[in-house]
């Protein structure tokens, strides 16, 4: 061959073949229901582009992405303006990966995309729990008259899973109704990760979907998001929390709500890349 | 009274009472179906804010906004992620204004919002024609499987109005299919305003909905838009074309596709303000 | 009525009538004496616009803006280039509010605007104290030959109030002369809020004007300001300090020095909105 | 000597000694009265910095800055918030240069700074005429109650010089009153340079102050300005107009209203540098 | 298969296999010698990303990218800081494509990259001519003591090809020496495309390397470049010039000097995408 | 004299004559080998410009820049694209200063520039040690085939100095090979400044070159850098570390890797200015 291959574009170090992979990445570039400031549609592409600015080696774990098998299947082409159709496409992709005995890792997009992947997981796993790191409760029953909205995503997950299945951490924004709902139906920790050890213990070996809304981070660490909420957790705290939950039986996960246009410095994308490296190495 | 009134926020010089107004402004901040780069949701608010950077007086027409009666009713609160619902809300607002014998002037938002107002107009006016200035044909039958998309808006209008009712100018982007469709079903002038005089003559006193996608302007004049297409018309050309169509029986109109985040200089918003002043003075 | 009202533009949840309001907001968009990087003139408008990105409910206090009565009277139209005239207009507005037995809350603007409101307060309240959170001492006697400058505002307040009336916290920038002056004439705590409890005790039930220069926050929390000074306090620290001073007899207050153009991410404005919500709920 | 000299910072190629110079540059970084969007205070520094991105040689004139004698005396330190004091400082600087038989070239700053230099010129030259290129008439008698405002600068010059001394070109914005005033008291050409030849002839050998508000250019050529007005002249047109007026007896001139923060691409500053090179070579 | 393929990232519509392709794209992301403002290293990636914002169909030519065979081989990984090594890698890539009887299309990068491809072409084609569209002469013999600099690239090509082989159009910046050199050794047209017809005739069927420095466009059309030079050609003019030279025997070509960071609106990248579509359809 | 001097442009308060100075500043605006995102070439100029936004007085040390003697010799003009030549020029400048018994303070530029100054120091001082604060190990033997790369700069210094001469702190990014290398050949502390006291003790009175890559700071404090790495040290921590090393025998130092284009807020440059003030006052 002459060195002239088609241009392949994957997340740093995720060059495994699909068959060999334990974790499979895909992007869900969708932000149609974002009510405030859109832009998360650009996240998955930006994360791939910018991942080449970091190293494959983690000095935190003394492990290297080159030693594990991850496959990056690129982005779904999702229909803007049609949340239900987008969720179907996401569910389909997640289902294939789950059925092949692999762990789907979805890169959002707005937080609503989580619902598609959770639907796929809930059909395959009884007793599914969700671990949810976020600044926002996302427990509204509807938002501006719409039920499939980023602001309702955990409520829709609740509709699927029922009481005491959703463990929420870092929450610092919501309506009074959402906080009242949480008191009864979910396990919610405001502002920080206090009580995470206990939650890990309680969940035990139940299958877990982990959803990470990156705005759980303080905007000083992560300005590139649509709805920055001061008073969040720090990067090292988040690394610590991820280490803790890595002992759980995580069968699927996502990171979402990076909005590259709102961080001209690029450091939010860089942080997301580094975090994804650390998560992949932890969860592998 | 003590000079402490509630803060009223209207487009420059549009301080008439509703009853006295001949033209009624409203904003339609919606961009959920935008497939490429969102941001037009911020247009109507930006136009109001920035309108105070220009004068009420037009040296082009020697007329002044303070001498005419326009009412600004603010923005609709539209549900992101639900195009059909958004179109209903728009249709409702336009219908009220039309029924009160006034001219609605909608500030988009993405181009799909036009469909809501056209529905209202088409129900009230037989023989409705559309004059459409745009860089894009917007004649797709569906886009990524969705029929209510900005890329389909003129096709949906066509579904309502039928053959030879839509006059398109400045078009310089589309699929081969769209250009084929236009040959048969609409009156399309590529790239510029050639033939506009003839079109004005042909339309005669039929009621006209005028829709102005601001990206008909060259990006050098108007960078602040989601899909900039080089090779467009100039600002003075556009002023000339608007003067020509002001002889028509315009019963409703809109300007759309300003996306303030894509023009850090603010000059696209400033141009939109100036253009809106000129249009209001021309159409009054 | 047909649902078509004039567009009213107020800070989130501040929809009370003037008569019912205990706190009255107004904006003072003025930055003519800013010597380094202007832009605070855009703060009050940005804060109103962006306030709709946060919730009315505070999970910190379990209180909601919808349960209290605040009136937003919009922005003063201040003459750029004429600080004395601007201060007169501000004093007039603050005086009306004070005379009506309400608490004025001014949104700057550069820090000089504080002088106008302090003049109004000092005329009405004997023994007025000022609590001043800031990165900068603002105690110069003149700056580039000018006495009405943002860099002199606390010195001008001192001229009105005299020794030991001004309590300064968080100060980390100034000339040697300013720090010498503070040793003799004000109560100054460098860098942080140490000693705030004692100060609260000492002030007792004297009437207090609270002025918050947002650059007291570290630039990592609050980059959107004209003169960012590393080494500042954190958001949670500031919330704590505000809780402490809420026990004082605050008769007027302001927040100033947000400069939206210097934070493209928008998070500084978002933080200012959240902080204003927390302050309104604390001081009510 | 060891090659370690103090860092001198001048406009490209303007390295003459003061004694030898025919033209003397100075910056007037002042924008306190700017009512809309400040930023011109950064212009003179940006122009010096960026001038090294262009060549000293002009392919338009086949001349080189290295062959002429221009001295750059740096920026005045002007007191923000005090227009009268700033104008005094400017007048003083311009007076020294004029008294030394040299041509002052002032780099603004907002347009008000012109008044300081015109005062100096008017005291030294009877029959002084002004040639004024601008988008805005700048003929208000007062603005927000202030007489020393950028929006009034030509009116204040008129107060000094009287009828038919001010020749205005390119004007496309103003109040009705300003345009009425111009009909009686100045020579105003709207939108373009038509009639410039005739004006040059009429002015003859009278001494001329030339003031160039760069926003006479269309924003497509020059987005980096506080008040962009669509419909302006092009760069080549402006070069042509400058060639025409170079036959006049120009005894002082300025360029103003570049606002670098509003053009992230830097091309407005680059254009200003190139234009200044061409003007210096033309007027020498 | 399950729909899960590796993520391939190519320019819009360039999905041919290598064997079938007549034109082969590759990126040369290198800008180490850029003396003023770097950033062209990001061009090829941005062009691929953003190409999906335009259509494959050209309404100018009534042709479609989907009907022609172009292969995109991705970007070279070039060593920053080592121009000679970078040029070797570029020459190698261009040589393979030329030897396979295909037309290389290189996307720069700074203009120096052209030298690598010209070396490959010059070794394979006697009588090679260069058609060069640019704002800058690029004819310096050295720049800051360096011979392999973007500012010298046409001089280095001249060293390879000799007198009267290089046809330059649109040039509007250079030192006096460069313009003197051009008078003797190249064919240079200042400012525009006058004389292009004659040049096409003179070149006849000689093999031609076409190099397009996008800054030949006026910055109003194309702000996203490191060294914007006012007074350039327009987009439609450039399309016309490209149509003219499409009659030549073009054996290789490049487009370079797009610097995405300097155009926050993205329209420069969008224009480059559209231009590349038009060039590919013209040259095919 | 008439007050018209040439415009001198130095870092705040560094107005000493060369002869009297103990510390001599110079800028090394070079970033040709930057592989990811260039921009550090703009740092030294930005630092001078923006230094006037801070005070000369330090409330941390109760000292003032006006009381010490520092000379600012401006920027070297370095040849982009030729690292070896650039390093020669840097070595020459540093050598002159060292030979005059003064302390060179270099403002980068990318980190490679350190090598030039270290070469000068190593020739003059036996037993030279390096104290290195950085996010990145910079210990690669080559990068993309190049040995003179920013990613290799500490390895090249190691080649000069040998084992156990380089003390590295804050390192949180590198390849596995670099961390293995460090275990054997340098003293490396990951993530923070633990062990700095011990290092200071061990170094004793050996001559020390201190190199500060500003990206050792967390990106929340310092976003304006090419390769932001989350998880870094804070500003106050860094001040503390600098106080500690100020007891060493520092014979030369540099600060590098500020990239102003990546921080639109300007706070990274402001922090660098403040830090440089504190370092100058500490090391004097």
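Some notes on this structure:
Going by the order they are written in, the chains are A, B, C, D, E and F; count residues from 1 in each one.
Convention: a contact is a pair of C-beta atoms (placed from the backbone, for glycine too) under 8 Å apart; a residue touches a chain by one contact, two chains touch by 3 or more.
Treat the numbers as computed from the prediction; the structure is a model and nothing was measured.
Ranking all chains by how far their C-alpha centres lie from the centre of chain E, first place goes to C. Which listed pair repeats B-E comes down to matching contact pairs by residue number; over half match for C-F among E-F, C-F or D-F. Centre-to-centre separation between chain C and chain E, using Cα means, comes to 55 Å. Computed from the mean C-alpha positions, the centre of chain C lies at a distance of 38 Å from the centre of chain D. Counting only residues that touch two or more partner chains, chain F has 218, 220, 264. Of all possible chain pairs, the ones that touch are A-B, A-C, A-E, A-F, B-C, B-D, B-E, C-D, C-F, D-E, D-F, E-F. Chain D contributes residues 36-37, 171-176, 179, 190-191, 218-220, 223-224, 227-231, 262-264 to its touches with chain B in the complex.
Chain B meets chain C in the complex at residues 2-10, 18, 24, 45, 48-49, 71-75, 93, 96-97, 100. Put simply, chain B touches chain A in their complex at residues 31-35, 38-39, 41, 77-83, 85, 112, 143-146, 148-149, 261. In the complex of the two chains, the chain E residues touching chain B come out as 52-57, 59, 62, 64, 218, 220-221, 235-236, 239, 264-267, 270-271, 274-275.
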